[in-house]
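Okay, so subunit A shows up in both of these, paired with subunit B first and subunit C after.
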Partner chain A sequence: MLLRTELTLLLRARMAMFALILVALLSIAAVAAGMAEVARQRDVIARIAPQQERDLAAIASWVDQGKDPGNAAYYSFHATWDAPEPLAFASLGLRDVAPYILRVRALGLEAQLYDGEAFNPELALPGRFDFAFVLVYLAPLFVIALFHDLVSGEREAGRLRMLDALPGRARRLWVRRVALRGGLLYAALALPLLAGALLSGVPVGQCLAVLGLTGAYLLFWIGLTLLVGRLRWSSVANAATLAGLWLVLTLILPTVAHVAINQAIPVGQGVELSMAQREAVNRAWDIPREETMTRFYAGHPEWRNSPPLPPAFHWKWYFAFHQVGDESVAPRAAAYRNGIEARDRAAQALGWVLPSVGVQAALARLADTDMQAQLAYQDRIRAYHQTLRQFYYRYLFTDTPFGKEDFARTPRFPSS
Partner chain B sequence: MSAISLIARDELRLMRRNRVAVVAFALLVLLTLAAAFISWSHQRAIAETRARFQAQAAKEFEAQPDRHPHRMVHYGNFIFRPLGPLAAFDPGVDAYTGNSMFLEGHRQNTANFGDVRQSSLLIRFGQLTPAFVLQVIAPLLLIFLGYGAVARERERGTLRQMLVQGVSARQLVAGKLLALAAVAALIGLPAMIAFLLIAGQPDALAGPMAVIALGYAAYLALWAVIVILVSAMMRRGRDALLALLALWAVLVILVPRVAPDIAANAHALPTRLETDIAIQEDLRRLGDSHNPDDPFFTAFKQKMLRQYGVSRVEDLPVNYKGLLAVEGEKLTSRLFDNYADRSFAVQAAQSGLMNGFGMISPTVALRRLSMAAAGTDLDGHHRFLEQAEAYRFAMVQQLNQLQADAVTYADDVAQDAGADTRKRISADHWQAVPEFRFQPAPASDLLRASLPGLLLLLVWLAIAALALIPIARHVQKARR
Partner chain C sequence: MSLTANGQRIVVNDVHLSYGSHAVLRGLTLHVAAGEIYALLGGNGAGKSSTMSALLGFVRPDAGTVEVAGYNPATQADQARAQIAYVPENVALYDHLTARENAAYLLALAGRRPEPQAIDAAFEATGLQEAAWDKRLGGFSKGMRQKVAIAIALLREVPVLLLDEPSSGLDPKATADFNRLVHDVARRGAAVLMVTHDLLSAADIADRIGFLEAGRIVDEAAAQGADRFDVRDLHRKFTAGSVAA
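The block that comes next holds the complex of A and B.
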């Protein structure tokens, strides 16, 4: 009954209604845009298979003439992909700048793993319009708009004394008002998200986690707003202070922290790794071939009984030095990756202090679109590349002819 | 005139007395200086690392031993995109594009190891640069300092008093605007001084630097006008503040985010995988160099034999395999260029559409102007990619020509034990391959690219300034 009165009051406040409708529209737009982008990425991945088939069939038809496994291994590129998780629409994370499809062949992986996708950097620069953006950046502004004058507004209208004088009801009145405004704001934000999640088939646990996260972030800002409200300043001073806090928490501190983290944790340039790998691989042409084979067999004793190299070129030597080249830069590759992980961990840790960062990180983690997801995709490429090598080595090191039917036996990238 | 300056002086005195305003202003100046310093040291560090790697790559290339030239085609070369001096002010897309590239024969690799792929997610919150501070944060300070300029007078009833005393609304609005514009100038000044200091080389890039200075001045002036407009329109200070905050959130934060999504959906960019496969298919359609009876390569062989007046490839005065390598690279390279042109065209269409949003948001227009003048926009990156491809092609063809001229056909096809040594040519040849030198865009190009953004901003400013006239009339009504 009382709640209905409050609701009527709220409905009459034009600005509050306008704000709530706007939040709902923004949330709907962000969810729709995110879902469209995820659908587009799924389409791109679905388009791969037939094109790959055609490409490999063309290679198979001429490799089949000579049946040299080396030609098959050298000329065939194999597709890998990182399909978006159902929740990816809520937080596109790094998926707009890191590749989600990559072709690899059985040569040195370190020269292939860090390749990028064609994308327009000017579009990536401002960031994408997704739910995470609406929640992290815009939702606090609406909280400020709806809550900054909750008490001060009544004071300025001269009604505060009267409200406080209501016998024993004053506290409950404020609780009711906060709950109503907060609840409606939450609904305007979360319902479109929930609809998107249901349409995308997001597991219930994840759904609850995102809804909880959204609620917690809203509560933080509502709490902060009420806290500032307790200082008994004017509505204008409240709004200005809160907007300043928003600026510091969502724009200034994260950018300052980015600089600090990148300064504190150098990753050793990835290009150093590439250059070292190139030296290691190309050196093989200038040293005795047996030296390469000895190193290769030491790491891969299962092929030790392969017949000795003929005087002419043999592909197994070529693939062996690519393998040895990768192995010689393995410590560097690990260090490079550790550096990136350390940076990521530092940002995650910062999330415990900075809610904006924490929510952004948690959403991207739940949606599996963050740096960890990128690195996990690289791990899957590594594992697949390993099986590819093993597959071709069986032919190369036993001089088994590689025909059309063997192309059909080539391991495919496992869909996760 | 004296009434205007009196009002302005009065407004400024009020701001000076407002402790919060002074602290906020000081913080912004500090932030600008910190951003300038960080940006500058970051840019220096990047320039230093890339120069060091470029030198190392060149040294390693020249230090390669005697080899078959085709081995050097595959050894390839690493090149790095240097950063222009203005990148310290606005690094633009630098963190989002790879800045190093591996160049080799038959393949066109991507530019790799951009900052965005080796940093934490914090990079997506924006980068602390002078450009960022002026584009995003400075308008907010102007809002805080100016939202009450007229609304406050109206709320307290002092507006009516002044009008009755004979001050015209025009004078009042002009005075308030003058005060806020002075503040805007003070906000922009440290950034511009820092800009001059860190960017250096004013003679070579004087034009683009002037456009940047003019653009940011117009942008801040525009916000001063917008703040005064809204303040004069609203009945209460609080309404003015909320309206301005909403406007800022839409123009500075929301529209620049929505625009890329719309642009990306309007013009789909083919993926690298699809392009690679398409190029391979085109190549197969052209001819199969592995097939001795292929019509295309048979015709090429006949042409070469006729040209040199011999009947067998063994009798050619040059190495036929080298000629074949030159021809093959020419074919693939032409395809690379075709597909790259198509990709560039799509990206240019995307960016063009996004820049159109400058008509809705002055921040988009300013960003366009700023990156274009600094040479750190998409065009700057494409410039690098085009020069990289041209250099790759020249380097590979120089090495292929060496194969044709310095390795005999008989040695090249020999398979005996000593053949490997006979195929190798002297390492001196590698030193004859020129180093990669990135040619930065001339100042006139940067200037031309940044003018549309500047024009758009000036139109914005003119429209906003014209809107002051009816608003002054509206304020005048308070007299009654």
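The block that comes next holds the complex of A and C.
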């Protein structure tokens, strides 16, 4: 009966009703938007294979006339992709700013890897409207709206003294109210998420983890709101203080920490790495070809017995200087990678102090949309690119003709 | 429920209470027996609210003893509060709930679940019009709210009723209705302590009146005969105390 009356009280208060409906609508919209984006990305990825086959078929017809493996290697693009995990709809993470499709050739890889780095930079700051955004940034505002006057509202209405004068069991009133408000808020947030998870086929373990994370984050904000409430300030003062805390904990401190991490761990731009690799590659045109081949054979002795270069242009020299170009920037590429990983570790460590950062990072990790996932995709591209190179080198360095049927043997990017 | 010595339901003996260096009760002593209505009359700052707080267990006296139906509110707050129905100065109930819902809810909070018919009977006893029983309190006058509050107090069936400035803001008709209700509660055996600065209302309702000044009872008057109190004499005592305070 008490719970029913508490529910009646809450639902008859327009502000609370409005807040709960709004948070449910935002959660539904965020889940729907996330699912639409994931469906779009899956659709784009699904369209790659047939287009890739058409593209290769066209090149194969042309290459088959001259049987030159260099032409095959140079003109053939090979698709790689990073398919979204089922939970990606809840936290799009880096998938909106980092490429999830990359077509590579057997040429220098570093320049190709960072071609898409500046993709959609306007989305980098606010991020996509997804469940993670609603939970991390908006949900605390609804917690504040529903809980800031839990006790102070009763005091201001003149009821607190009367409630305090009731026997002990009346004290359970606050527990009941916190549980009811928190439960409804949680349901408004989590039910759309659960529906999205079921429709997306999210594994049960992941689903429970996200629901647990959602509950824990709400509990943190509810706890903070109740702590402020214990100061016995007015409802307005509580709301203003909590709004300030929200600003500091979700926007200011994460931004300041982000800047501090970037300052403490300087990492160049990927495009600088591309430029350095291209400069190294272009330098090959200005130096004797033998110099390039000597460096290449030193690193890849398995091709040392390849016939000497003819006086005219030969593709194996061209591919060799691309490989040498990649290798010349390898230390910088490793430093770039290490820097990004160090920043990522620092950001994760920050998550233990700042719940907003921690929850965002944890959601992105669960959804496989974080920096680690992005780097793992890069690793898969590197591995595939290496396979491609080896495949073409077998023709290039042995002057083996490359016919139509050889295209069918071209390595395909493994679906993860 | 238990009675203290001599059937007293409220016993306050030589209570001292300070907030920091500011002493608010300085040797307050008062006793209220079952079925008795005691009006504690005092000006602003005389210690009326602090007396209520001590009886409700909100504050712990520095010295002296307080007992409500045999329980010490400072150390046995739950037991003491279970014996008290408290009606604050501004009866603030839940505007979003109907009179019936308010009664059922607040009684449930206090651990009582009366039958709906009992709630109706209590409303009837307070004179709350039936048409108002299922209306939300948002549109209720102060008098109507007090009737709901008194109905709740009746339904709690506790031995002690504490009234904080009950006639404040009531028109004469509503005050008279309210006083009749309080009399009904006292007739059922409850000890009623009301703190007020409304001398006429106190004279109309109380069996005894205590004049509270600077944290202690400086004078006391008991109702006698048909006229009960000499209002002029009460007024003299009250204004003398108030001016002095």
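Methods note: the second predicted complex is superposed on the first by the 400 of 416 C-alpha atoms of A that agree within 3 Å, B and C clash if a C-alpha of one lies under 4 Å from a C-alpha of the other, contacts with A are read in each partner's own complex, and residues count from 1 in each chain.
As a working rule, a contact is a pair of C-beta atoms (placed from the backbone, for glycine too) under 8 Å apart; a residue touches a chain by one contact, two chains touch by 3 or more.
Worth saying up front: this structure is predicted, and the values here are computed from it rather than measured.
**Q** Label the relationship between subunit B and subunit C on subunit A in the superposed model as either fit or clash.
**A** They fit: once the shared chain is superposed, the two partners occupy separate space.
**Q** In this superposed model, does subunit C or subunit B come into contact with more residues of subunit A?
**A** Per-residue touch count on subunit A favours B.
**Q** Should A:A349 be classified as contacting the first partner (subunit B), the second (subunit C), both, or neither?
**A** It touches nothing on subunit B or subunit C.
**Q** Between subunit B and subunit C, whom does A:A13 touch in the aligned arrangement: first, second, both, or neither?
**A** A:A13: touches subunit C, not subunit B.
**Q** Once both structures sit on top of one another, what is the angle subunit B-subunit A-subunit C taken between CA centres, to the nearest 10 degrees?
**A** Nearest-10 rounding gives 90 degrees.
**Q** For A:A165, select first, second, both or neither according to whether it touches subunit B, subunit C, the two together, or no partner.
**A** So A:A165 only meets subunit C here.
**Q** Just checking: does A:I21 make contact with subunit B only, subunit C only, both, or neither of them? Give me first, second, both or neither.
**A** neither
**Q** Which of the two partners, first being subunit B and second being subunit C, lies in contact with A:L227: first, second, both, or neither?
**A** Touch partners of A:L227: none, neither subunit B nor subunit C.
**Q** Once you lay one complex on the other using chain A, what is the shortest C-alpha distance from subunit B to subunit C, in Å?
**A** Superposed model gives a least subunit B-subunit C C-alpha distance of 14 Å.
**Q** Does any part of subunit A touch subunit B in one structure and subunit C in the other, and if so which residues?
**A** none
**Q** Which subunit C residues qualify as touching subunit A in the complex?
**A** Those residues of subunit C that touch subunit A are 56, 58, 77-79, 81-82, 84, 86-88, 90, 92-94, 96-97, 101, 104-106, 108-111, 113, 162.
**Q** Can you check the complex and tell me which residues of subunit A touch subunit B?
**A** Within the complex, subunit A touches subunit B at residues 15, 26, 29, 33, 36-37, 40, 44, 47-48, 51-52, 54-55, 58, 62, 77, 79, 93-94, 97-99, 101-103, 111, 114-129, 133, 137-138, 141, 144-145, 149, 235-237, 239-240, 243-244, 247, 250-252, 254-259, 261-262, 267, 269-272, 274-275, 278-279, 282, 285-286, 311-313, 336, 339-340, 343-344, 346-348, 350, 356-357, 360-361, 364, 370-371, 374.
**Q** Subunit C touches which residues of subunit A in the complex?
**A** Against subunit C, the touching part of subunit A is residues 1-2, 5, 8-9, 12-13, 157-159, 161-170, 173.
**Q** Can you list the residues on subunit B that touch subunit A in the complex?
**A** 20, 24, 31, 34, 38, 42, 49, 53, 56-57, 60, 64-65, 67, 71, 74-76, 78, 80, 92-93, 96-98, 100, 102, 109-128, 132, 136-137, 140, 144, 148, 237-238, 241-242, 245-246, 249, 253-254, 256-261, 263-265, 268-277, 280-281, 284, 288, 290-291, 343, 347, 350-351, 354, 371, 377-378, 381, 415-417
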